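In what follows, a structure is listed as structure tokens, so that the remarks can point back to it.
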Amino acid sequence: MSTVALGLYNVCKSFGGLKASNNINIEVLEHEIYGIIGPNGAGKTTLFNLITGVIAPTSGTIRIYDKDITNLAPDKICGVGIARTFQNIRLFNAVSVLENLMIACQQTIHYSALDGCLRTPRFRREEKAAQEKCMAILEKFNLLQYKDVAAGKLPYGSQRRVEIMRAIMTNPRVVLLDEPAAGMNEEETATLAEMIRMLQKEYNLTIVVIDHHMDLIMEICDRLTVINFGEQLMTGTPEQAQSDQKVIDAYLGVDDE
Amino acid sequence: MKKLVALLLVLAVTFSFIACGEQTETEAPSGGTNGDEIVVGFIGSMTGDDEIYGYVSWGAITMAVDRINEAGGVAGRQVVLKQYDDRADGVEAVNCARKAILNDGCVAIITSSSSAGLISINSVLEEYKVPCIAYAIGSELVTQTEEGETRPYMFRVNTTASQCTTVIGQYAAEVMGLKTAAIFYDITRTDGADGVEYFTKGFEEKGGSVVQVEAYKSGDVDFHAQLSALKANGGFEAIYSAAKYIELGMVINQMKEIGLETQMIGDRSWMMLDLFEVVGDNLEGAVFPSDIDFNDEKYADFNNEFQELWDVHPGVAVGTDAYCIQDACMILWNAIEKVAEAGEEITGENIRDSIEANSQNVECFTDTITIDPQTHNVRRSMGIFEIQNQNFVQIDSYDVTFG
Amino acid sequence: MVLFFQQIINALAIGGIYALMSVGYALIYSLLRFTNFAHSVAVTFGSYAIYVALTHITSNFYLGLIFGVLVGAVIALIIELTAYKPLLIKNSARSSLTIIGLGISTIGTNMIILIFSSRFKVIPTDFGGKSIQLLGAYISVLDIIIIAICLVMLLGVFLFINKTRTGLAIRAASHDLDSTALMGVDVQKFLSIIFILAGAMAGIAGVMLATKYQAYPSLATTMTNKSFISSVVGGLGSLGGAVAGSFILSTGEVMISGYVSSELRDLFSYGLLILVLLVRPYGLMGKRFDDKA
Amino acid sequence: MTYWLGVLVQTCIYMIAIIGVSILSGFCGLFTLGHAGFMAIGAYTSAIVVNTFDVPIFVGLLAGMLLSTLLGLLIGAPTLRINGDYFIIATMGIGEAIYLLSQYLIPVTGGPYGYMDFHSFRGMEALFYVVPILIVVIVVTYFFIKSKHGRNIVALRENEMAALTVGINVYRYKMISMGYSCALCGLAGGLLAHYMTNVNPAMFTSTKSNDLVIAVVLGGRGSLTGAIIAAMILTPLPELLRFSSAQEWRLIMYGLTIVLVILFRPTGLYGDREFSISGLAKWIKRHSQRLMKRGEN
């Protein structure tokens, strides 16, 4: 039984009366690609916000490997190895693509403000190492030619990929992808699936994906959870989900007899 | 690294441009006259909130220079007048002083900008040995440093706050027989703080006692709160206030609004023509000191000429600046004449020595003035005025010694 | 006891003028989320409009007041069309709007100095100093008029915003400008309406300031800063907050300078500002604009 | 020390303050309308320290910088948590409060008289202090911006939420930029005090605070070169206009420049690019090609 990378144990979140998440229990195993699907407004992004500390859960605990991170501040979450992307892309638009990635490395670069101001050898060494790492990943995803272009000016698809790469640059153990395939056609979704699988292998990550692109989820996810109106309908393999009656009702809607 | 070098390159290029711009003007000898002209600099606030001060003073000094030039100039030389706008700001006053002395070769400066400006330009005056005559400014620190040494290149033609305000303090206690008084002052102006210090000194010397002090900030418009507090606590027979030009009208009217009736004692800035436009007859019976009385008939033709030239009466809003600047000019002409008579070259240094040495009983525009060589302050007569049916009536006069 | 009552009257009068300005400013902030520093220009032009009206055009104060309101509204509209609209269309950063406001206020004040010279101007009215006695406190006739007009104006604005259809559209826009536009609401028209309304109120404030005190170029700048503080204390963007903030600030100022010491009065207003922001970072009735993922 | 060199010294002094404010308002995106207050703190501290303890000027400058930074952080700690528009008004309040305190505490600051007669620069001494200090400030600030900490500050300006998720302690970096800007403003204030030979509250009014932030916006938010060039243009501007006859139009022109630049060049003179020789070379190449093309047809 491999270890649990990310665990949500009876997590609840209610905004006033509305129960955005009601008693969610998810255990994502290490190196797994785990999917969370559900209709719009089911509470998927709320889950991500709970995990990344943007909002605090009303009750329940969240753990990564053995560490309890329930009420950890968002900027500390990155320290414990969780990185994320956003539903609506949030890049540092005015700054070049390379700088976007360099910013993401800030956690792994170790020098003080003084080193920075005096450009000590330690500063040069750390900066060079980070730069090489960023150039390497840019080359791997052949975005090197966009290196000095302002992130905001990139085409939509490339911006998505830069955001994913930025997440990788923080040396995470778990990566949360929030609707990575939003607005992509068939062919782009396929390359995206390929990229996610390759990243998972290359950096042996645990990946959690939210989307309602069924073909993307079916293709790359080992296991998934279906959520509807904050309730956890079922958990299991993609095949089980397709045959599960409750999921079909939720998606296709029940014709009330 | 390459980018940084480029950045410094840009800097070097631009600075050399500014620096070399300066080379071209060095040939104007500092402080010397070139041949038959005497260049005099006037620094005032020509723009911004205090624009009216600059406008009236500039009008007055231009008339003074035109008059002396028509009469053959000073020691046979025509006077050239240069204007500099410092917006009543200390930093700009220093630039004006340097430009006047170095770029335009001024041998003397006449100014009454802010007290901050006057103190700041001292370093420039001392560096290039050019004298400056201040008019209509009361702060002690214009001619004295904090340790009490006299500033060598700074002179003054009007009475200082200690001379003038102490006198009205003594007058209130001794002649008017007042026992208690309150003070209402502006914490952001030197004549506010001076007023508290010297009025209390004069008043308490003659047996009076200051029972209450309230303050406001220049730029304030509403004084009901402080005035109501003054009225409620009471216990004073008079209020002394050095409220200046914009605030004065408001303070007096708001006192009337809340029914605060008391003897008012004022400061030289009350001598302004449009005071009654604002206060009407709310100031009847008020008493205040002033070096100059612009209703005096000897100024009649000066007032008319000023009105024609600058379509405003010299005594408007600003009060006595227009007259005081005439005295400053006459002291300067007298000093330059003495330098020429002694056959010396008319330079800033010589003019300074001449002002210090030869300014005894000089027949000036408003009075016979003597400048004390030790303190650079002035000895002249000063009047006490009372407001009677919207007019200034002189009820007493004092000869001010070097207080 | 009389002093306390007198101070309350003083507080109401100043608070009324602060309220007029801060409600106008809060209206604009609620829609566009930026600090309109050019607001003081409308106030200054209002003050000089009443001066020109009463010296050249009419001798009736109320006609002059209407003229002041018109001038204030027109100036605000001109500022909106020439400076703010092009920036809003280009969706440029809020800070540009703030800085262009500073630029316009410099132009406005100095144009007044150029035209009218920096000498103060007295408004020839027959209120001068006349006051009536009530419970021992003196209330000047002008103060009564000011408080009355302020209340009427504030009531009018509240009714307009809460009861009319246009008011509904403006409230919707204050929640989300873009989605309101999507609903087919001509947002540009409503922006102009808001600026006209804010300008009109600024015009009245200008007239009151000039009549109560005197008209001079930088009169409006200090008062407008105080109205910013009242709006922030009350909660940026909320009209009720702006009014509450104005009267809290004016009462505090009057009481401090009356009972404690008048030197500390302005220190108090800035201290109050920072204190409120510490305790309630969005002001008393401010709306939270949190940035959710 | 001639007139133009005086203007040069002033330009350098205000450039240091403008670079400081450009870190906070340009790079970090937090607008401030009260930083003249921190210049005042730097000026008064430096003057008082040099006068009472009779220490050399640069010790006074250091003391001024330190106290200004300390007070900046003290005031910044609570106010940096609140959102932008509240922060602007709060800084306006801070600037005015410092102005009033310097008027009110007559025993300490000399109130409206100002603080004077302390050991100051004589003649060319000002240049030997100001220009080297400016060079150091530019170099250190340039290195700081190009370091990880500079990048983090720009990151939180671009998108605070995204910055949080890559592990940037946003509050800490806002405090760093506030501290950095107050240090430079304190230093500039100290230099101004010793150049002017006296310190007076009227030197640090809200109009001076507005000028600082306007220079940053005109120069280009997030560009060190922009801030430098804006300082080089805006500080001598009043002096250059002094030669023109129409004095009273000076302030109106200043306001008009601000409005026109914001309308037609919102990113400011230099946007967020830095000047570089390669940039210049590319620009020349582009223009020369266009000229040649026009020449051919």
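Going in written order, the chains are labelled A, B, C and D, and every chain counts its residues from 1.
By our rule, contacts are C-beta pairs under 8 Å (C-beta built on N, C-alpha and C of every residue); 3 or more make two chains touch, one makes a residue touch a chain.
Quantities reported herein were computed from a predicted structural model and do not represent experimental measurements.
With centres computed as the average of Cα coordinates, no chain lies farther from chain C than A. When each chain is reduced to the mean of its CA atoms, the one lying nearest the mean of all protein CA atoms is D. Chain geometry summary: the mean Cα position of chain A and that of chain D are 41 Å apart.
Note on chain placement: the centre of chain A and the centre of chain B lie 72 Å apart, centres being C-alpha means. Separation between the centroids of chain C and chain D, computed from CA atoms only, is 31 Å.
Chain A and chain C have Cα centroids lying 48 Å from one another. Multi-chain contact residues, meaning those touching two or more other chains, occur in chain C at positions 110, 113, 263, 266, 293. Annotation for chain D: residues touching 2 or more other chains are 100, 104, 143, 161, 248, 251. Within chain A, contacts with two or more other chains are made by residues 52, 54, 86. For chain B in complex with chain D, the touching residues are 2-11, 14-15, 18-19, 21-22, 25-26, 46-48, 51, 84-85, 87-92, 94-96, 98-99, 102-103, 114-116, 119-120, 122-123, 127, 139, 141, 145-147, 187-190, 192-193, 217.
Residues 25, 29, 31, 75, 78-79, 81-86, 88-90, 92-94, 96-97, 100-101, 104, 160-161, 206, 210, 213-214, 217, 221, 248-249, 251-252, 254-259, 262-263, 266 of chain D are the ones that touch chain C when the two sit in their complex. Taken together, the chain D residues at the contact with chain A in this complex read 140, 143-144, 147-152, 154-155, 158-159, 161-170, 176, 222, 272.
Note for the complex: chain C touches chain B at residues 2-3, 6-7, 10, 13-14, 110, 113, 117-120, 122, 128-129, 131, 133, 137-138, 140, 143, 209, 212-214, 216-219, 222-223, 253-255, 257-259, 261-263, 265-266.
Considering their complex, residues 52, 54, 74-79, 83-84, 86, 90-95, 99, 102-104, 106-107, 109, 111, 113, 115-119, 123, 126-127, 166, 169-170 of chain A touch chain D.
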